[in-house]
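Please find the structures below.
Consider the two complexes below, in which chain A is the common component and chain B and chain C are the respective partners.
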Partner chain A sequence: MKILIGIISTSKGDKLYVLDDGQEMLINDDGKNQKDIYGNYSFLKKHSFKINDYPVTGPGVFRFRYGPVTSGIREAGVFQLYTYGEKILRATIDLSWKYREMAGTMQMTSPEAGLLMAERVCSNFAMSHSVAFSQSVETALEIKTSLLTKNWRILLLEAERIYNHLYVIYKLAAAAAQKVLAAHLSALFEEALRLNEQLTGSRYLMGINSIGRLNNNPSGPAVQKAVDGYKNLANTFTRLYEHGLANYNFLDRLHTSGTLTPDMAESMGLTGPSLRACGIKDGLNTTTSHLISLPVITQSGGDALARMEIRAGEIVNSCQYLIDHLRTSDSWIDNEETQIRKDKTGGTGYSVVNSPSGALGYYLNVKNGNVQDVNPFTPSYIGMHAVSHALEGAIFTDFPFIFDSFGIHFTDASC
Partner chain B sequence: MALIFFLSLSLFIGGAVSSSKIKLSYGFGFAGSIGIFLIGCYTLVHPQPKILWAYPLLHNLVLTLSIDHLSAIFLVIAAISWMALALYSIDYSNFYAQKTLPLGFNISLVGMVLILTAQDGFTLMIGWEVMTIFAFLMMMGRDHPFEKAYRFLAFGEISTVFLLVGFSALYFTTGSLSFESMNKGSLFALVMISLGFIVKMDIVPFHGWMRGIYGEIPDNTAALLSAPVTLMGVYGLERIIPLLPNNETWDIILILLGAFSAFWGSLHAAATNKLKLLPAYSTVENNGIILAAIGFYALAGNFLSGNLHYLALFAQAASIVMAISHTFSKTLLFMSIGHAKEAYNVHTIDEARGVWSGVGRIPAFGIVISALSFSAFPPLIGYAGEWMVLETLFQSYRFPSTSLAFFSALAGVFIALAIGIIGFAMVKLIGYTALGYDHGRKSLKIPSRLMHIAELSLELILVLGGIALPFIIILLGFPHLLIGLLGIPAPLVLASGQPVFGVISPTFIGLIMLVLLIIPVILFVKTKKKVRKVNSWNGGVKLEEKEYFSAAAYSQILEHVLRGFYKTREIKDKTYRRIKVEDVLIRPMTALPRLVKKIGERVASVLMNGKISTYVTYILILFITVFIIGMIVM
Partner chain C sequence: MIKWWPLYGLRRKLTEQKKYISPVKLRNATTKIFHRSLFIYILDAGSSNALNFEINALESPQYNIHRFGIYFTDSPRHADVLLILGRPAKAMLEPLKETISQFPEPFYIITIDDFPDHPGLMDYPELPNHVAALTGVPSPSQILGLLLDISKTKRR
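Now for the complex of A and B:
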């Protein structure tokens, strides 16, 4: 299965950034039949900050503007919902309010300075951006990272997945007025952030990753404490989640809300939990010789409930994954040492990671030691198109369930 | 009294004759209405029946005009509405300068006076036809006549046909058309005459003519059609119900028909976005409630037990209070809406936003007060009327028969729903038109002193009418329904049953509200509290014109939830959407003209096809048919 996640403009013409069963590749855009092959080709080519900008008119139809600064949306972004009262006829999403020209700012900086910027594109996905950016630079400069670094990056991406998924489920519970469940999930989210801090010194996993290496490898009592922490977190979450699933008021709000068919999800270029909720595997999980492969969970509903189920399953799996590997991390023998080519000061690199909400990739050039032509491809930009589509025909009260279930962010989408 | 009566009629006729001078013509109408009002008031205080005029047309048919207590009640109600409308129309004539309007207005008032004072079926039908035809003439007051107005005439004639058949049946049974002979009338006469009045009250399914017409006709015409003209139907029922032999099944049909009409009218009032269609459907709703109360009055009147006799009288009082409320509130609502509509030159609720700031305080207050009255807001008279009807229906358990109790209670359910839904509709009207944001829209400056006087008068009457309910109840002839209770002195408490079932005292509520209003206002003025105003937060960006919540959107949830009743459909393409709701009960009414046209075309193609032989055959068959019928009749 080929999924188009971005289109890159280069001096030699446009290139399609495609995932083929999880393996990234660049294909020259010959302009022929691409619209037929990739359903998201047109909007990725246009890459507009106004998504689905086709106003609806008619007697009684008006535009309900939700944002840019309003309760319910934590970031500066606008949903222009065309409606005649309850039903959402069209959802135009304006990303421009959060546009900070991050990719532009990364140009002509050193890879290390660019990495700092990449980590700050979207703090919830800081590790994903950091790993994707650094791997792209490493590819460009032909830097070979050590096995230990690869292991820790994979583990920390799972740590990021855990707290993000907890946050999404907390948001869904809060939107359904499940106050007690939401409060407990919020506490677990905080616990996950503290575990991050215990492992890396940063609640949002910033500053630990670097080009070709980690700034410091977690070790010693902190790791063992984290093992206990993830064990508790998994147990508490499992208990809470089972309790939550017993509540029909909660499930009814998610069931059939924002349903996407497998065809829609695939043609939009969705990846991550949103695609897996439609029963399709994206093959994004990566592993090393030290680490066992994570099982991939899928659901068939394609709705907000299916997306939540995927995330819940992944929280437990990721916790178990971390518990199993953190326990043995002290005994890892690094037989692949970091190799840096001093003579290499330029090149092209790209890399994709499995972020909490799907494929997150970078394409960049390095010239004379400075990064250029940085093109980030985020799950949130494609996710916003999916949200816009899923909102059509829904009623207003379904809005938070649909939007939150995709686990995407304006900052990530508009970088 | 007869002198004032005929003087008033002469003034109406004078108004009609001088219709070329429009303002003078309405002035005549106003003066004539004052005369009728005075006669009515005098008779309310001195309720002995008085014959005003009698003319023996045939040996057993004496055309009689007389005034009794019931006539007086309805003459006073109608005259107040006429006075307000005449006064309003003087200023309003600046928009509609057609002579047919004052001509139709004055002569239709003559027709209504004849109806309200007739003592025989023949005179009543003369008045009925005069009212219908001249009201129709008023509908043609625009620059060009329009086809849909003929629907009103068609329904008017259906009403007349029912009356004609009913009174013929009465004559066939009793040999007289006098109301005095009605006690010997048949069930058939009862059904036919009742239907004649019901059609005029716009009860479903006889409301089919309204759509597409109310928005086109002048506002004073709309007010006349919706308030005094439908009041004639109420009067007719109130007049014949105690006279004709009663029938329980027919009474239950009246109650259920009224209750369903109320529900249906409220449903479509809540859905419409047209400025004048909303009050028009509210007429269907209000008259439905009135019909249910009259049906209950007739049903309970069949029983001799004390508490059901009390209930019958209470139901009758309820129907009359509702009629008062409807006539005044609807006249005021149409006048105020008309004022705003002409000042803005618009047709929909969305377009007429911000009457308070954009057009004026008095018309805005008129919309608020009348809409609140329809929403049963205490202490307005609408509140008293709707409470009385609900209290009546809640006491259906007093009937000895389970089926009677069940159907009455079922009607209560429909009416309770109707009152709730019409409140929803009226909040829309108040919220968008009267108190909505004017969006900086400028209204036309129109001469409106007399319009203001007319609107203000009815506003006062609606407020004071509720507070002075005991006084009205006494004048209506039901003093025994008033008691004193829990420290509130007699006769300020209205009791709905015997033994006491429910009580209200709008007077007391009014006093409490007055005190609660006055004290805060005094405190506010004395302390000179500063008012701190802030702009509402709209996401940090100024709202654009297309971002305001529309009136149609307000109703959409109801149209979706009750889509089974509304037959809600969504019409859509890529960039265009709209919700379509349908009044399915007018389908037969719209299908009928199509059917008639189709049959007509088919018949015409067969008979009027240009062949001489066909014509000759046609004439021959017609001649033979008429000849045979003539022979049979002879």
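Now for the complex of A and C:
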């Protein structure tokens, strides 16, 4: 299955950044039939900061602005909600409030300085941004990374997935007033951040990845301690989650909230848990195939409950994946050394990673050792379109369940 | 069948007894009236989201901030401290000023600039009662240490 995740303007015309069963590829945009092939072609081409900006009029219909300063959604973003009362008729999302010119400030910098910026596009996806950016530079400069570096990057991406998924489920539990469940999940979320710090020295896995290598490979007692930590985390989460699912009040709030049909999800170009919740596989798990591919979990509901179920399953899978590989990491032998071509100072590179909320890709050029034309493609931008459509027809009290279940962020969408 | 939560919740003690130390000293002396009752309003002006996540982590049972009388509030009109996350994005300057104008006296402002070298963000406008300016991503323990300094509450 081909999924369009972005459109790149180059001097030789536009190119479509497409995922074909998890493998990234560029296709020349010949302008013919693309709208029919890719349902998200028009909005990705326009790449507007105002999503679904089509006002609704009618008897009693008014516009209600939510944001940019609210405590419901702490991030700076605005929802323009069209309604005549309880029902949301349309939700226009404005991303411009959080626009920080991240892609612009990466231009004409050294790859290392660009990497520093990429990590800070959305700090809770720091590892995903960092790996996608560094892999793009490595492709451009024909740097061959060592097997050890590749392995560690995969493990750290799983560590990122765990704490992000815990955060999403914690938010959903809190929104449904499940105080005890939310408090315990919040404690697990903090534990996951502490495990990150134990492994890498950073709670958000920042500063460990570099171009062509890791700044330091986690090793020794800290790794073995982390194994025990992930074991406890998986066990506690499983018991807690089963307990939580026994509560019909909680499930009723999520069931049929923000439902997307498989056709809608596919045509919007969704990837990650939001697509898999509609029963469709995106093939992103194959990006880790040189270690062992992660098992893929799918659900058929397409609603907030299905998205939460996917994330819950992935937390346990990722913990198990980390436990299995961290245990043996001390015996990993770096039999493939990093190879850098010193004569190579330019080129084009692109890469995609399996971030906690879907495909996250970069496309960039390197000229005379500096990065140019940096194009990040984030799951949150496409996810915002999905949220906007999922909110149509929902009632106000469903708002947090729909928004939080997609696990997307304004800072990631507006880069 | 619905399972009873309270038993599950009471079985484990998650709250930690630690010393919480602020990474910075307060710029000005603060009033004593917030002793054991300090309400915080959070405003994300342009952070990279790590700070939003750290605030969520601060609400976890390990820190149990309510035992010190510290709460997050949903309205600036009920708040004693404005915690500004990140340096402001251009569009957020006006909402930031508007929020400050809604605070009841006395109040204090804390800023956390998680990415001081970022050229795409604005400088802070003039901030009244700006008692602390942090840089980088402080841990929840450090943020709690700073809040305890402001409220003049015992640390344990």
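Heads up, the rule we're going with is that the second predicted complex is superposed on the first by the 410 of 415 C-alpha atoms of A that agree within 3 Å, B and C clash if a C-alpha of one lies under 4 Å from a C-alpha of the other, contacts with A are read in each partner's own complex, and residues count from 1 in each chain.
Heads up, the rule we're going with is that a contact is a pair of C-beta atoms (placed from the backbone, for glycine too) under 8 Å apart; a residue touches a chain by one contact, two chains touch by 3 or more.
Please read all numbers here as calculations on a predicted model, not as lab measurements.
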**Asked** Once the shared chain is lined up, is A:G58 touching chain B (first), chain C (second), both, or neither of them?
**Response** first
**Request:** Determine, for the superposed model, which of the two partners chain B and chain C contacts more residues of chain A.
**Result:** C
**Request:** Examine A:K50 and indicate which partner it touches, taking first as chain B and second as chain C; both and neither are also allowed.
**Result:** neither
**Prompt:** Touching A:P68, do we find chain B (first), chain C (second), both, or neither?
**Reply:** both
**Asked** For A:E86, is the partner it touches chain B (first), chain C (second), both, or none of the two (neither)?
**Response** first
**Request:** Once the two structures are superposed, pull the chain A residues common to the chain B and chain C interfaces.
**Result:** 68-69
**Request:** Please name which positions on chain A make contact with chain B in the complex.
**Result:** 54-70, 78, 82-87, 89
**Prompt:** Across the complex, what residues on chain A touch chain C?
**Reply:** 68-69, 71-72, 74-76, 96-102, 104-105, 117, 120-124, 126, 167, 170, 180-181, 183-184, 186-187, 189-190, 193, 203-204, 206, 240, 243, 246-248, 409, 411-412
**Fill in**
In the complex, the residues of chain B that touch chain A are 273, 350, 537-541, 543-544, 546-557, 560, 572, 574-579
**Asked** Mind pulling up the chain C residues that touch chain A in the complex?
**Response** 1-3, 5-6, 8-9, 14, 41-50, 52-57, 59-63, 72-75, 85, 89-92, 95, 98-99, 114-115, 118-121, 137, 139-140
